[in-house]
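Each in C-alpha cells, the structures are laid out below.
Paired with chain B in one complex and with chain C in the other, chain A is shared by the two complexes that follow.
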Partner chain A sequence: MLLIKGLDVYYGKLHILKKVTLHLNTGEIVALLGANGAGKSTLLKALIGLVKNQSGEILYQDKPLHHLPPEKRVSLGLTLVPEGKGIFKPLTVEENLLLGSYSWYAFKKGKLLKESLDEIYTLFPMLKEKRKQLAGTLSGGQQQILAIARALMSKPTLLLLDEPSMGIAPNLVKEIFQHIKKLKEKLNLSILIVEQNAKSALSIADRAYIMETGKIIFEGEATSIAGHPEVQRAYLGRDIDTEVPL
Partner chain B sequence: MSKDLKFLQLERLQAVLNRVYKEVPFYRALFDREKLDPEEFGDLSDLNKYPFTTREDLQKNYPYNMFAVPLREVVRIQASTGTTGEPIVAGYTRNDLAILADLNAKALKSMGLTKEDVVQISFHAGLFSSAFGIQSGAEKIGASVIPINFEDPKKQLKILQDYRTTTLVCTPSYALWLAEVLPQTNINPNSLMVKRIILCGEAFTEKQRSLIEEKFKARVYNLYAVMEIFGAAVAYECHERKGLHFQEEHFLVEVLNPETLLPVKAEEVGEIVITTLTKEALPLVRYRTGDLVIIKEGLCPCGNVTLLTSGILGRKDEILSVRGIKFHPSQVEKIIEETTGERLEMQIHLYRSEGVERITLLVALGESLFSDSFAEQEKVRERLEEHLYLELNLPIVVKFIERSSFERKDGKILKVVDKR
Partner chain C sequence: MELFLQFFFSGLTVGAIYALIALGFNIIYNTTSILNLAQGEFVVLGGLLMWYFLEKIHLPYGVSIILTLGISGLVGLAMERLSIRPLLKTADPLLLILITIAFSILLRGILMFLFGKEPYGYPPISEGAPLIIGGAIIQRQVLWIFLFVLFTMLFLYIFFNRTIFGIAMKACAIDSLSATLLGINTSQMVMVSFILSGIFASLAGVLVTPITFVEYDKGPLLTIKGFTAAILGGLGSNWGVMAGGFLLGILESLIAGYIHSGLKDALALLLLLSMLLFKPAGLFQSSEQARLRKL
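Then we have the complex of A and B:
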C-alpha cells in the first residue's frame, strides 16, 4: 500500500536520505531500525511531508504523495506520532484527542466526533478516566498512549510511530508495544515504526529494515532479523567482538 | 514481471549493493574504480552500469575474501572441487541456510512433492552443495529423505526398489546409467514406486529426458543449481514443465548475449547473469554463470509470473562439466606439465558408455617419453591418472599417442572432442 522509491532528502547541503526504497503492505507492522542519525526519523517526516527538500517517489494506495502538503497527506490516511509525543500539556486529555480530529472535523459532525471519542475510550479506558485531567499531569507512558490515541482520531490507515518507547519506564514499554499490536489487529492498521529499542520493535513487527547513514542495508522478516548481527553492527557501527583480544 | 516484484527487487538490490560496498573490499575497490556509488542507485536499470563478477574473481579472493560477514557468522562452508586454479568457496549464514531450505522446498513442492514422498538423493562428491540444499528442502516439506553418496548403480536400484522411493534426485548422466543398468537386474520397472526423477547438476536434452521417463515410467523434472550462488533451486521446473522458473524474489536474473553483454530478446540464446538479493554470507553482483539458456515468451500455465527460460543448453566458455564437476582444459594441461615435466599436447575425449559420462585423455608422446622404455611410459601414465583423479575427482583414462594421430579441425588440434 505504501511504496517509497528512490527517496532523497537534503538538510541544506547535507544528504540525509540516499535513494531509499521500501514498501509496506496493508495490515503490516514494519520496523525501521538503525543507530542515531541513520535517517529514520527523517524518513517519517518526509513521509508525512514535514521535510521540504525531497525528491523521489512516494506512492500511497497508488496515489503519489510527494507534492502534497502534510494536511492533505493526513486526509489520505497517514498520521505521524512524533518523537517526544508532542501532546499539548496545558490542555486536557479530551481536548488533545479532539485536536486529533482536525482533518475531518466539522460543526455538523458532532455525533461522529462523539462516536470516535467513545471508540478511543473503549480502546484505552485509562484515557476515559483521566479525560478531564491536564495532559501534562499524565505519566510518560500515559502521554504516549494519548499521543497514539490522538493520532487515531484522524482515522488513519497508516500509522507512523517515531520512537514510541522513548522516555518511558522500561516496564511500560512492553505495554505500549502490546497496545500497538492490538491496534493493528483491531483496526487493520498498517504501522511503520521507528525504534531504538530494536528487540521490542521486532517482537511485534512482521518485517524490518535496517538503516545506516541514510541508506537501507538490510531487509527481512522480523523473525530472521531478531538477533541478527547486522542489527548489532547497525547500532554500534563496528564489530566489538573483533576488537576484543583473544 | 509484476510491479511488486520489481519493487521488492529494487529494495533488496539497494541493500545488497550498500552492504557489499561496505563489507567486501573487492566490491569496494571495483565500484570505486568504475566510479559507482551505490548510494546513487535508484532504479533497476542502473544495474547496467555495474561490472560483472566472474569465477576468476571468486578464485582470486580464495578463500574468504568475498564474504560479506565475519567468519563467525558463517555456519557452513562449501568449496567446489576441480575448477581451474583455486577452488571457489561458498559460505552460508544461518539465515542463508533457512532461505536455501525455503527455495528448495518451494521448488520441490511445485513438482508435487509432499510429506508422503520418499526422496532418494544420490549425488557423489562434487555436488554436495546441491545435495544438502535439496535435502533441507525435502525435509522442510516433511518427506522422508535417503541421502546416498555412492555410485554402484545396482545397489542404488535395490534401494530404489526396497525403500519404495517415490522421488529420485540425481544428475542426468547418473539417471541414464541407472536406466542402462535397470534391465540387467531382476527388478521389474513396473514394480518400482518412483514417480518423479529430479535431475540437477548438468544440462540434458529432451531426448535423454524421454529415455529416462520411458525406462522408469516416471516424470522427469529439471532443477537448476549454481554452486557459487546458492546451490540448488536457483530455478526449477514446475509441474507444467514448460521451462525453468527463476526464483526472482531472491535472485535478479539477467540473460545477456555473451559477446555484447546486452540483454537478449525472447527466443534468443543468452548467458545467465545473477545478482543475489537475499544472500548474506556471499552476496554476488552480476555473477556470470556461463550457463546458456533461451528466454521463453508467454506465461507458464501454472500462473507463476517469474522469468521462464528453457533448460540449460550448455556453457559459453570452454569449461567442461562432467558428472556435475566443472573443469577447464587448461587445468588438465597444467597437470600434465606438472607430472611429466613437459608441456605436451593433449586432447580430451568425452563420451558416454553405459549411459555414464567418461573421459579419455590423449597425450602426445614427447621426446623424453618417446625414448623411454614401455615400462617407464606406463609408470608416467599411471602417475598422471592418479594425479588427475586427485585434482579433478574424476576417473580419466590416459592414453599416449603420436602427435600425428590427433583429431583435427582446419589443421588445428582440437582440445576437446565432445561425443556425449
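Then we have the complex of A and C:
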C-alpha cells in the first residue's frame, strides 16, 4: 500500500536521506530502526509532507503523494504520531480527540463523530474517565495513548509512529506496544513504526528496516533481524562477542 | 460617590472599546505570534463606513452595521492575503509587525483620501433621554456597547470551546506543527484570525462613534491604547486582554476625572512601559503560563 522509491531529502545542503527505498503491505507492522540521526524521523516527515526539499517517488495506494500538502495526505488516510507525542496540553482530553477528526469532520457528521468517540472510549476506557481533564495533567504513558487515540480519530489506514516509547516509564512501554498490536488487528491498520527501542519494536513488527546515515542498510523479517548477530552488535546495542555467558 | 460612579461608567464605556481592540490584537497574536499594529485604523474604518452607510446612503441601522462589519472583515482578509501570507513562513516576526505598520499608514491615507479630515458622527442606536443610575448619567448607547461586548464574549466562548474550528484555532496557537499533522490548515487559521480581528476592531468603531466622533487619524492612539490593554491583561488570553481593556478604561477615566484630563494618554503609555519592564506576561498570568497557555 505504501511504496517509497529512491527518496532523497535535503536540509539546506545536507543530504539527509539517500535513495531510500521501502515498502509496506496492507496490514503489516514495519519497524524502522537505527541509531540517533540516521534519518528515521525525517523519513516519516517526508511521508506526511512536512519536508519540502525532496525528490524521488512516494506512492500511497498507487497514488503519488509528493505534491500534496500535509492536510491532503491526512484525508487520504495517513497519520503521523510525532516524536514527543504532540498533544495539546492546555486543551482537554476530549478536545484533543475531537481535533483528530478535523480532516473529515463536517457539520452533518455529528453522529459519526459521536460514534468514533465512543469507539475510542471503548478501546481506551482510561481516556473516557479523564475526558474533561487537561491533557497536560496526564502521565507520560497516558499522553502517548492519547496521541495514538487522537491519530485513530482521523480514521487512518496507515499509522506512522515516531518513537512511541520515548519519555515513558519502561514498565509501560510493553503495554503501549501491546496496545499498538491490538489496534492493528482490530482496526485493520498498517503501521510504520520508528524506534530506538529496537527490542520492543521487533516484538510486534512483521518486517523491519535498518537505517544508517540516511541509507537503508538492512531489510528483513523481524524475527531474522532480531537474531542476526551483525545487526545486533551494530544497531541493537548488544555486543554478543564480548557477552559473558551467565 | 455619584461622581465616582459617573467616572466609573464612562471608564467602562471606553474600556469596552479598548477591550474589543485588545481582543483583535490577541486573536492575531495567538495564531501568528505577531502584533497587528493596524488595529486602530480598523476602528476608524468601522466608524467611517458606518457613517457612509447611515448618513450618506441612508440604509437602516442594522443593515449598515452588518455591511460595515462585513467590509471590515474583507479588508482584514485583504491585509492578510496581500501583506502577511506571502511572508509568514519565511520572514522574521519583527518584519511582519513593521509590515502591519505600513499597512496602517496605507489604510489611514486611503481613509483620508475618501473621507477628508473632518470628524464624523451619527446618531446612537436608540434615541432617548439618558438613564440615571445611582446619580450617574448613562447614555443609552453605553448600554448598547455593553450588550454588544457581552455578545462578543458569548460568541468567543462558543466559538473557541464548542466549535471544532475554534478548537482547531486554539490548537494552532498552542502547537502549529502538531495541528498540521492532524490535517488542520494553519494558514487558513491565520486568515480567519485576521478577519475576526478586523471585525472586532471595526465593531468598536461602530459603537463608539456616536459618543466620541471619528476622524481619519484617530487610529494610532487607539492602537496604543488597545495594545496597552492587551499587555495589561496579558497577551495570549482572550479573557485577560478584555479585562485589561476595562481596567485601562476605568483607570483612565478616574485619573482624568480626579486629577487632570491631560494625564489620560500619559497613563496608558506609563502603564505600557512599566508592564513591559516589570511584568510582560500581564497582570493575570505568570510568565510560565503565558508561554504554556494561550487563549
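Heads up, the rule we're going with is that the second predicted complex is superposed on the first by the 227 of 246 C-alpha atoms of A that agree within 3 Å, B and C clash if a C-alpha of one lies under 4 Å from a C-alpha of the other, contacts with A are read in each partner's own complex, and residues count from 1 in each chain.
Going forward, a residue touches a chain if its C-beta (ideal position, glycine included) is under 8 Å from a C-beta of that chain, and two chains touch if they have at least 3 such contacts.
Remember, it's a predicted structure, so these values are computed and weren't measured experimentally.
In the superposition on chain A, A:Tyr105 makes contact with chain C only, not with chain B. Shared-chain residue A:Leu172: touches no atom of chain B or chain C. Looking at the shared chain after the overlay, A:Pro90 reaches chain C, while chain B stays out of its contact range.
Once chain A of one complex is fitted onto chain A of the other, the partner contacts of A:Lys5 are limited to chain B, with no touch recorded for chain C. In the superposition on chain A, A:Ser154 makes contact with chain C only, while chain B stays out of contact range. When both complexes are overlaid on chain A, the residue A:Thr79 reaches chain C alone and has no touch with chain B. Overlap of the chain B and chain C contact sets on chain A: empty, with no shared residue. Residues 3, 5-6, 15, 18-23, 56, 209, 212, 214-220, 224, 228-230, 239, 241-242 of chain A are the ones touching chain B in the complex. Interface residues of chain C facing chain A in the complex, by the touch rule stated above, are 164, 167-168, 170-171, 174-175, 177-185, 292-295. On the chain B side of its complex with chain A, the touching residues are 4, 7-8, 10-12, 14-15, 18-19, 22, 38-43, 69-70, 72-73, 95, 98, 278, 280. Looking at the complex, you find that chain A touches chain C at residues 48, 50, 69-71, 74-75, 79-80, 82, 86-91, 95, 98-103, 105, 136, 150, 154.
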